[in-house]
Amino acid sequence: MAGRFIPELLFKRQFGTTPLLNEIRKMARLRVVDNSILGRQAELEGKPAKCIHVYNKNGVGTIGDKVLVAIKGQKKRAFLVGVRQKQKAMVPRFDSNNIVLIEDSGQPTGTRIRVPIPSLLRGKKGEFSKILACATKFV
Amino acid sequence: MSVFRRALIASNIRNLECYCGVQKRFSNTLFDGTLEKHRRSELSHDREKTESFPPFEAPKDYKKKYPDFLPNADWKKRDRITEKLERKDMLRRRAVLNIPEFYPGSILAITVSDPYAPGKYNRFVGICIAKNGNGLRTSFTLRNVVDNIGVEILYELYNPTIQKVEVLKLEKRLDEELYYLRDCDPKYSTFNFNMEPVQHPPGAPIPVNDIVLKIGPRPWNQKWHRQNLKGVEGLDEHLREVEKKLAEKTAEPWEKYDIMKTYRNSIHEEESERILSEVYEKNLHNQKLKENRKPLKMD
Amino acid sequence: MSAIQRCSKLFSNNLCRTIINIEIRSSISDYKSFAGSRPKKVKNRFDPPEWFVPKKAYNYFDNLTPSNRDFLKEVAYDRYITNRESPLVDEPIKRNTWNPCTKRTGVLGVKIGVLPQWTKDGTKLFTTLVQIIDNHVIRYVPPEDYKQSSAATLYMKNRNYGSVVVGALSCYPTSFTKSYVNLFNEAGVPPKRKLTRFLVTPDAAIEPGTPLTAKHFNVGDYVDVQARTIGHGFQGVVKRWGFKGGPKSHGATKWHRRPGTIASGGRTGLIYKGKKMPGKMGNRWRNHRGLKIWRINYKYNVLYLTGPATPGPTHSYIRIYDTILPNLKKEMTSKEVHPPMPTAYPEDFSEGLPEEVFDDELFQFNDPTLMYNLDEK
Amino acid sequence: MNKISFNALKHAYRLRHRNLKRVQERLPTGYRIGPRGRIDYLRNSVTNLFREERVEGTWDYLDETRGYAELILQQSIKNGYDHEVTKEMVDYWIVEKDIIPKLFEVLVPRFEDYDTAYTKLYTLPYVYPGGPKRMGLLELKGNF
């Protein structure tokens, strides 16, 4: 799942990978898509953000859910803005699991989101509106 | 003697009934044949009138043009009346929305009404990588790379929120399903949102794009080497010997020649002609309505 | 093994088998003669009750000449259709108004498939299609008589319910026994393939011989559904109850799909009742309550009910009746149009019927594409 | 093979295939069982039928071969040997190659004007002593 974002030379799987469910549970690797320095550094180091908790009743995250991630030795909260799992009709599915980091105050860490985000997130209100403000494209 | 002979014939007929396409599905179901008999029975108080099939012969390309009108071949789910009602709904929707013909491999632009978008509509452009289902359940998937990230959206063809279906480029690929584009270079699935439509002359054969793509490094989304794909090359570079042997072991080359299997999983010609002639008749009817409407608009 | 079956081993040809078929069939169909052959009969749990009427008869229809076959068909057609004495011509039962306490009769439909539909907000829903073919009321027993009958249980004796027998799918009388065909004399309809019984309140009394169609229900009302589920036969514990089974490899010998321990020893030393074990799976009566009627097709008598999860495979019988859920009943009482009492008669629709009726919330495929209003947020 | 469009079969056929569990043919490598063994058995019996025109055996197995034989005849009448997909199909299904000219020179002209099925299946008496197998006889119509 996360092998795409890790340099091939460092880590090469020697065992077969069966088709995955691509569910976002604990220990799932996620990709930071805002322009924060923290996310950029973590990606360059080859140690992407790891999901520690999903703020959700069933423990499986979907689009719009809040997660707790471990990134560069820190605990950070983040919102899921695009997932790899199979979606319902009219809902986009992305090639990676995308998150946007937020501070404890609810303010997004970065200022801009680099990838398109699903249009149905525009129906969300409250904490999410700050993230929508820094989105560049909707799909 | 004659009585015995008749008894013998009768036994053969009963024998026939349990095989002749009217096999019982489960212990608590009716035979297909008996249900059909009751629907048209003389003794019934609201019996169905026998409908004469339309005399029109559908054009030959209709089978490829309208594959979604052919029902699911699973005999456990089939029923004559359900299919008829389903077809009626589809034709009604097609009278409102223009659905052009397209195949996996052609490039589409779909406009959907979206309650959250500023203009209350949303447009997406992409290559059709799969077409699944039949009847009202028909769906297709579009893929595009936007801002260096692959995006796929599944659309239902008969969803009432679809406003417009545009075919920007009508063509086919070597395979029916192009899920392998997920593991190929992103430039092969990148399409401009402001792309201008390529005109396809009416009546011309549909061009086949015989491009063969090189697959990217592992890990892959699926086991492509076990799928007999024509549009992909360079799979062997990424395989180990063990995997090659396993692929040989699990391959089922004889399945291609199992003609009774393909017969059972498909709808035979007589039946598809009957269905498509109905569609053709309705299309002609709709055309006439349109022609009649034109002078009304002038006034 | 009977003598006939034994001889089938010796002279095994097609002709012999047909004769055996005749013998066996007649012995089953004429139940009394079968029972009479035993001098001392001990009452068995599996014996049919006293009121049981044998149904199946040997089909002599195939052995007749075509002209004779047509003649018999004509006779049946004359008796049941052309020269039929309609029981509705007599003084009909008084029609009452509907109130939430009434229980009307149900109908006996056939499940014919599942289709997707869309509502006007754009959400998708699956609907089950049920066709009502040739339903008639066969018998009505008022509560006073029904309480005294041997079929009434304690539940029925304490309540004031009459019973209505409904039949579906008319047949030619040649395929049934005489005693079974005589059941339909009161109603004056041809013998039916399938019979069911519904309990009704006395104000919903209905005359035998009344046809029941899709007009019995209104669009937007709620119904309950009863049917037998799909039969899977004798199944193990993994398929039937979803147990995990054992590992596929890692030295597992004969331990792949087993249940494990079923009880502990010690003081109890017994297996509790209701322990999940292998057994026959499916083919049981199941209810599904509170299904909405989204759409009705009057031409083919088809109801569109909510949900793909109605019990049973396609082409299985399904019992449909008004819902008993209190909240949904309240909703039905608050509406202007109540269900027709005791059922819809042809005189109610003298103005003619449309081919199809839709619920207000359901999207019709004739309608233009759904657009969202620009002012809304 | 998926591109072939079949016409309706004229005879009564089963809606689900039989597994033919008892097919066990000795090979140098061992037993041949499973779906592959099933198809190999059917190939042999179809070629046998076209050669002999009348075959005896268990009823279930003959009923299974009947469908394949009918479809091969149907397609070879419709398309001929020059048709690419039909040629591939015939080459696979007819194991002994000397039968192929017979199929197109003898059988196809014979069945060209048929409106009914091309084969007929009879039931034969049980074999005694032996198991309760239903025996049958499968033949091509119009053989003498």
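Each chain gets a letter, A, B, C and D, in the order it is written, and its residues are counted from 1.
By definition in this document, a residue touches a chain if its C-beta (ideal position, glycine included) is under 8 Å from a C-beta of that chain, and two chains touch if they have at least 3 such contacts.
Going by UniProt, the chains are A = Large ribosomal subunit protein uL14m; B = Large ribosomal subunit protein bL19m; C = Large ribosomal subunit protein uL3m; D = Large ribosomal subunit protein bL17m.
As the structure is a computational prediction, the values presented were derived from the model and not from experiment.
Asks: Between chain A and chain B, which partner chains are common?
Replies: A chain counts here if it touches both chain A and chain B, and no chain qualifies.
Asks: Please find which chain has its CA centre nearest to the centre of all protein CA atoms in view.
Replies: Most central by this criterion: B.
Asks: Between B-D and B-C, flag the pair that has more C-beta pairs in contact.
Replies: More contacting C-beta pairs are found at B-C.
Asks: Determine the centre-to-centre distance between chain A and chain D, using the mean Cα coordinates as centres, and give it in whole Å.
Replies: 58
Asks: How many Å are there between the centre of chain B and the centre of chain D, using C-alpha atoms for each centre?
Replies: The computed centroid separation for chain B versus chain D comes out at 31 Å.
Asks: Take the average of all CA coordinates in chain A, do the same for chain C, and state the distance between these two points in whole angstrom.
Replies: Chain centroid spacing, chain A to chain C, equals 52 Å.
Asks: Rounded to a whole Å, what is the gap between the Cα centroids of chain B and chain C?
Replies: A distance of 34 Å separates the two centres.
Asks: Hunt down the residues of chain C that sit against at least two other chains at once, touch-wise.
Replies: Touching at least two other chains: 14, 124.
Asks: Do you know which chain B residues sit against two or more other chains?
Replies: Expected reply: 114-115, 156, 159, 161.
Asks: In chain A, which residues are in touch with two or more of the other chains?
Replies: Touching at least two other chains: 89.
Asks: Applying the document's contact rule, which stretches of chain D touch chain B when the two form their complex?
Replies: Touch residues, chain D against chain B: 1-2, 4-9, 12-17, 35-36, 39-40, 67-68, 71-72, 89, 92-93.
Asks: In the complex of these two chains, what residues of chain B are touching chain C?
Replies: 3-4, 6-11, 13-14, 25-30, 32, 34-35, 38-39, 41-48, 76-79, 81-82, 85-86, 89-90, 92-93, 95-97, 113-115, 119-120, 135-137, 156, 158-163
Asks: For chain C, which residues count as touching chain B in their complex?
Replies: 14-15, 17-19, 21-22, 62-63, 73, 76-77, 80-81, 110, 112-116, 118, 122, 124, 129, 131, 133-134, 136, 169-172, 190, 193, 211, 213, 228, 230-231, 283, 297, 300-302, 312-317, 363-374, 376
Asks: Applying the document's contact rule, which stretches of chain A touch chain B when the two form their complex?
Replies: 3-4, 8, 13, 16-17, 19, 82, 87-96, 98, 114-116, 119-120, 122-123, 136-139
Asks: Touching residues of chain B toward chain A in the complex: what are they?
Replies: Residue positions touching the partner: 112, 114-117, 122, 124, 139, 146-156, 159, 161, 182, 217-222, 243.
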